[in-house]
Amino acid sequence: METNQKHTWKSKLHEIIYEADTPEGKLFDVVLLIAILASIVLVMLESIKSFDEKYHLFLNISEWVITILFTIEYILRIITVKKPIRYILSFYGIIDLLSTIPKYLSLIFVGTHALVALRALRLLRIFRILKLVRYLGASNQLANAIKASRAKIAVFLFAVLIASVIFGTIMYLVEGEEHGFTNIPKSVYWCIVTLTTVGFGDIAPQTPLGQFIAALIMILGYGIIAVPTGIVSAEYTKATGSNSKAKISNEEQEQLKSVRLNTQCCANCMAQKHQDGAEFCHKCGCPLHHE
Amino acid sequence: METNQKHTWKSKLHEIIYEADTPEGKLFDVVLLIAILASIVLVMLESIKSFDEKYHLFLNISEWVITILFTIEYILRIITVKKPIRYILSFYGIIDLLSTIPKYLSLIFVGTHALVALRALRLLRIFRILKLVRYLGASNQLANAIKASRAKIAVFLFAVLIASVIFGTIMYLVEGEEHGFTNIPKSVYWCIVTLTTVGFGDIAPQTPLGQFIAALIMILGYGIIAVPTGIVSAEYTKATGSNSKAKISNEEQEQLKSVRLNTQCCANCMAQKHQDGAEFCHKCGCPLHHE
Amino acid sequence: METNQKHTWKSKLHEIIYEADTPEGKLFDVVLLIAILASIVLVMLESIKSFDEKYHLFLNISEWVITILFTIEYILRIITVKKPIRYILSFYGIIDLLSTIPKYLSLIFVGTHALVALRALRLLRIFRILKLVRYLGASNQLANAIKASRAKIAVFLFAVLIASVIFGTIMYLVEGEEHGFTNIPKSVYWCIVTLTTVGFGDIAPQTPLGQFIAALIMILGYGIIAVPTGIVSAEYTKATGSNSKAKISNEEQEQLKSVRLNTQCCANCMAQKHQDGAEFCHKCGCPLHHE
Amino acid sequence: METNQKHTWKSKLHEIIYEADTPEGKLFDVVLLIAILASIVLVMLESIKSFDEKYHLFLNISEWVITILFTIEYILRIITVKKPIRYILSFYGIIDLLSTIPKYLSLIFVGTHALVALRALRLLRIFRILKLVRYLGASNQLANAIKASRAKIAVFLFAVLIASVIFGTIMYLVEGEEHGFTNIPKSVYWCIVTLTTVGFGDIAPQTPLGQFIAALIMILGYGIIAVPTGIVSAEYTKATGSNSKAKISNEEQEQLKSVRLNTQCCANCMAQKHQDGAEFCHKCGCPLHHE
């Protein structure tokens, strides 16, 4: 009897922490979202020297509060999952750990600057909370279009890189060190800056020949910016259905999916995308607990 | 009898001010358009110091003339509408008020700089006059395509923002204060400047590692600029009809709409988009007055 | 008899100068093309001070040679056309005159700089020679797509301009004169530079708030760059035919047109696009002379 | 008998060097790929002065090792082909020679800087190794879309160039030498930088009129960036099939092709794209040797 109650207590917590179908689950997610955003703002404010000097104590305390909150959340996540090792070694398990420990590590490695980067990783946690996004339908089609065009865009970017290396070497020879093209890697960097139409201007060709080649690179870049756009555009047009019939049936299917799936997450194997009336996990067969 | 005449006089004015189907209504709109553009030019010229010093009196008088014109128009708009409160609290009602009062406020708050911004809001009034735009058909389809892709572009921009924060933090750690990346918010700002391929160059990475990461960011930005373009392109293709048949019927429908709708605006509830032969408002049932 | 011979001589010349179907006509066009390009190169070289100082005499003589060539061509064009006034007042007639007179004017207005601009107008003459372009089919479809999306892109650019004015005014208030935003027109200019993702960096926001607004403008610009692209893309897809059947019949029609039309140009009314076997002008009924 | 064995030995080597279907052939390609990338990295490192000074001997030795490897490969390629002259004069034959000789030439022309450029050409060799790319299907469709839109993009870029020359000349007259627009070629260069939205900012208009024209150029550039994108997008949509049926059959065909073709390369005529069970070259009829 006690085990059962404990089980219930655990599964209740599991539902709050991992799912977003109950009011408590939604509240938990919102609080977590605010905590993550607050911690990111803290990292930003801390990097502003004048602000840090004035409010160092406040920032320090806030950071500790958030770290402790994250620690509690991390422990609860481990407790409520049946296979904690699986969670700890999962992508989000590692992200959760990495976003909790920087403050503890700062006690050991005093003044270590790089811990800031770890704290920025907390942003990645937002994606978990935003699992609701997939119910929008929008990002699903978007993700599909990007996935479908990934290989093609990779081939294309590879060609851009080779062009950058060749043009970079030519510009290094033409412009030389006195005009900022101090070595080939820097020349290649300049070439990427130019091809992508970013154009910082910290390095710029000075000789007429260099400017002529630069103009060629720019027009080339202007012409080829069309390629990835065309790919995504075509793939996305296909993904959303080119004829209205297919589109309607697509939307219907999408809607059917939206109706059926919820945010439940199996306490045993952490599988998601369960149907609304499902009693057992579709992956491992363990019962899903609905309070 | 007198009431009826007054009513006629009011409804006549209403037709001139709010509608654009009669010659007087069109003239009113053109005059208002010129007044708005003139007031914007005045704001601009006033901000040029050398010009302001020479022609201060002229600018001041012109500004007063336009302010008084706007005041009269605002009062007339209130008078000719049956439910003035509704107009005053509507979007355009507030814009109209805000674009009228800056000069009066400048008498009270002498030298307040921020009033300039209020005056710039006058530009938003152009959109009301340009209600004719919707008869072009073009902007309607455009608006639909943008509306349809709004949610998807928002998801996409959100991803861009998260990428900016993560890369910005990394660049802050790599480049540091001595190379212009003085704090994380500034680094994130630089990252947005780079990802959007704007590339001011006021801040630019100096270390080889920083330039390498910057090159990655740029190529990423170059690759993902394709995404919103692809979305709008696909949505717009759908909106304008992918097969010629649907397109023709679409155009027919569009044309039918164009023929039927006019710029009349109900004096009672301010509803628009009345059909050409309509005698009564399709929202509140009040009679529409045709002279 | 003499009149007839003169007529034949004139119509022969007309064919050479205005048409490109005979070998002589093609040769004339190629020579003219080279002369135009040479004159543009001359204008460019003359503007390079160090070059002009060394080779001033050579440049001056070359310019005179080209000017005399253009003068002869202009006179021949007037002689061979039946209605010279019509030609002189036509678009290309004015361009021809303007590209001929700068050197003569330079004798009168010694050292007048602005004549250079007139000489650059010679480039516009290239378009006449390139009337062959329309046989490529490519530019025709392209031109149609651009024509179809012109109105929509205009509406869009209008919205961009209004956004630039409003954001420009805000940036002027936020950043102020000390950071380069010396007046509203300059702020608007900066805003256009940023929205179009050009980003010169000669003016750049320095205050945190200014950089925040700038980031918003950039992301906005990044998002809306998709709109004109989507429009042209959709229109072009329609223009080239969305289903393969329509495409083939389109190409057939295009080919049929290409077969039928030639570069003949009526000596009387200057109408073009005559069919290959045509004996009389389809505009004015005058006989077309085939040698 | 000996001839036959020699023949077998030669054809075995041919298979390893020119083809990628056997494990040895694949290993050879991977080793070559690494050697090419290493040689590119060496060229880059050598251009970094501080690195070159420290590790000059190491770089020199590595470069000699790679040069000797490339020499052996080049000799083997000549030996194993039946018609060596054909290989030597082929595109890849010339690239192979050019990427081998720079180090030898540096013994004769001591300190000649330009040899670096020759070494960068080695990157082009990657494309041969990556003949596998065509099995991805992706780059094939991409190449087709680019090929189909090449002529149209050329027409478009030609128009951009003419616009650049005309606007460049105008900006030269408006801004003049004192603001960086020292001559017309430089002005045209600036115009290309602006039209392509690169915007270095090393040259930027200073006068109000110049900034106004620059704003026009930028908005023009912003509007026309849509054109090549629209072209590629439309062509690519066509290439990948607009209706799902055609798409599936396309993919099937693609797959059929992938199944049938291998990387074999005829030892006699160097023809490629042989079918998997082919016994004789489809171009010259010589037997293909399968060990």
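Residue numbering begins at 1 within each chain, and the chains themselves are lettered A, B, C and D in the order written.
Quick note on the criterion: a residue touches a chain if its C-beta (ideal position, glycine included) is under 8 Å from a C-beta of that chain, and two chains touch if they have at least 3 such contacts.
Keep in mind that what you see is a predicted model, and the values were worked out from it rather than measured.
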item	value
Which of C-D and A-C has more C-beta pairs touching across its chains	C-D
Rotation in the CA alignment of chain B with chain C, degrees, nearest 5	90
Separation of mean Cα positions, chain D and chain C [Å, integer]	33
Centre-of-Cα separation between chain C and chain A, whole angstrom	47
Numbers and ranges of chain D residues touching at least 2 other chains	185, 188, 197-201, 225, 229-231, 233-235, 237, 242-243
For the chain A and chain B complex, residues of the former touching the latter	40, 43-44, 47-49, 113-114, 116-117, 120-121, 123-124, 126, 133, 136, 138-139, 141-142, 145-146, 153, 157, 160-161, 185-186, 188-189, 192-193, 195-202, 225, 228-237, 240, 242-244, 247
Contacting residues of chain D [partner chain C, same complex]	151-152, 155-156, 162, 165-166, 169-170, 172-173, 182-185, 187-188, 194, 197-201, 204, 208, 211-212, 214-215, 218-219, 221-223, 225-227, 229-231, 233-235, 237-238, 242-243, 246
Residues of chain A touching chain C in the complex	197-201, 229-230, 233, 242
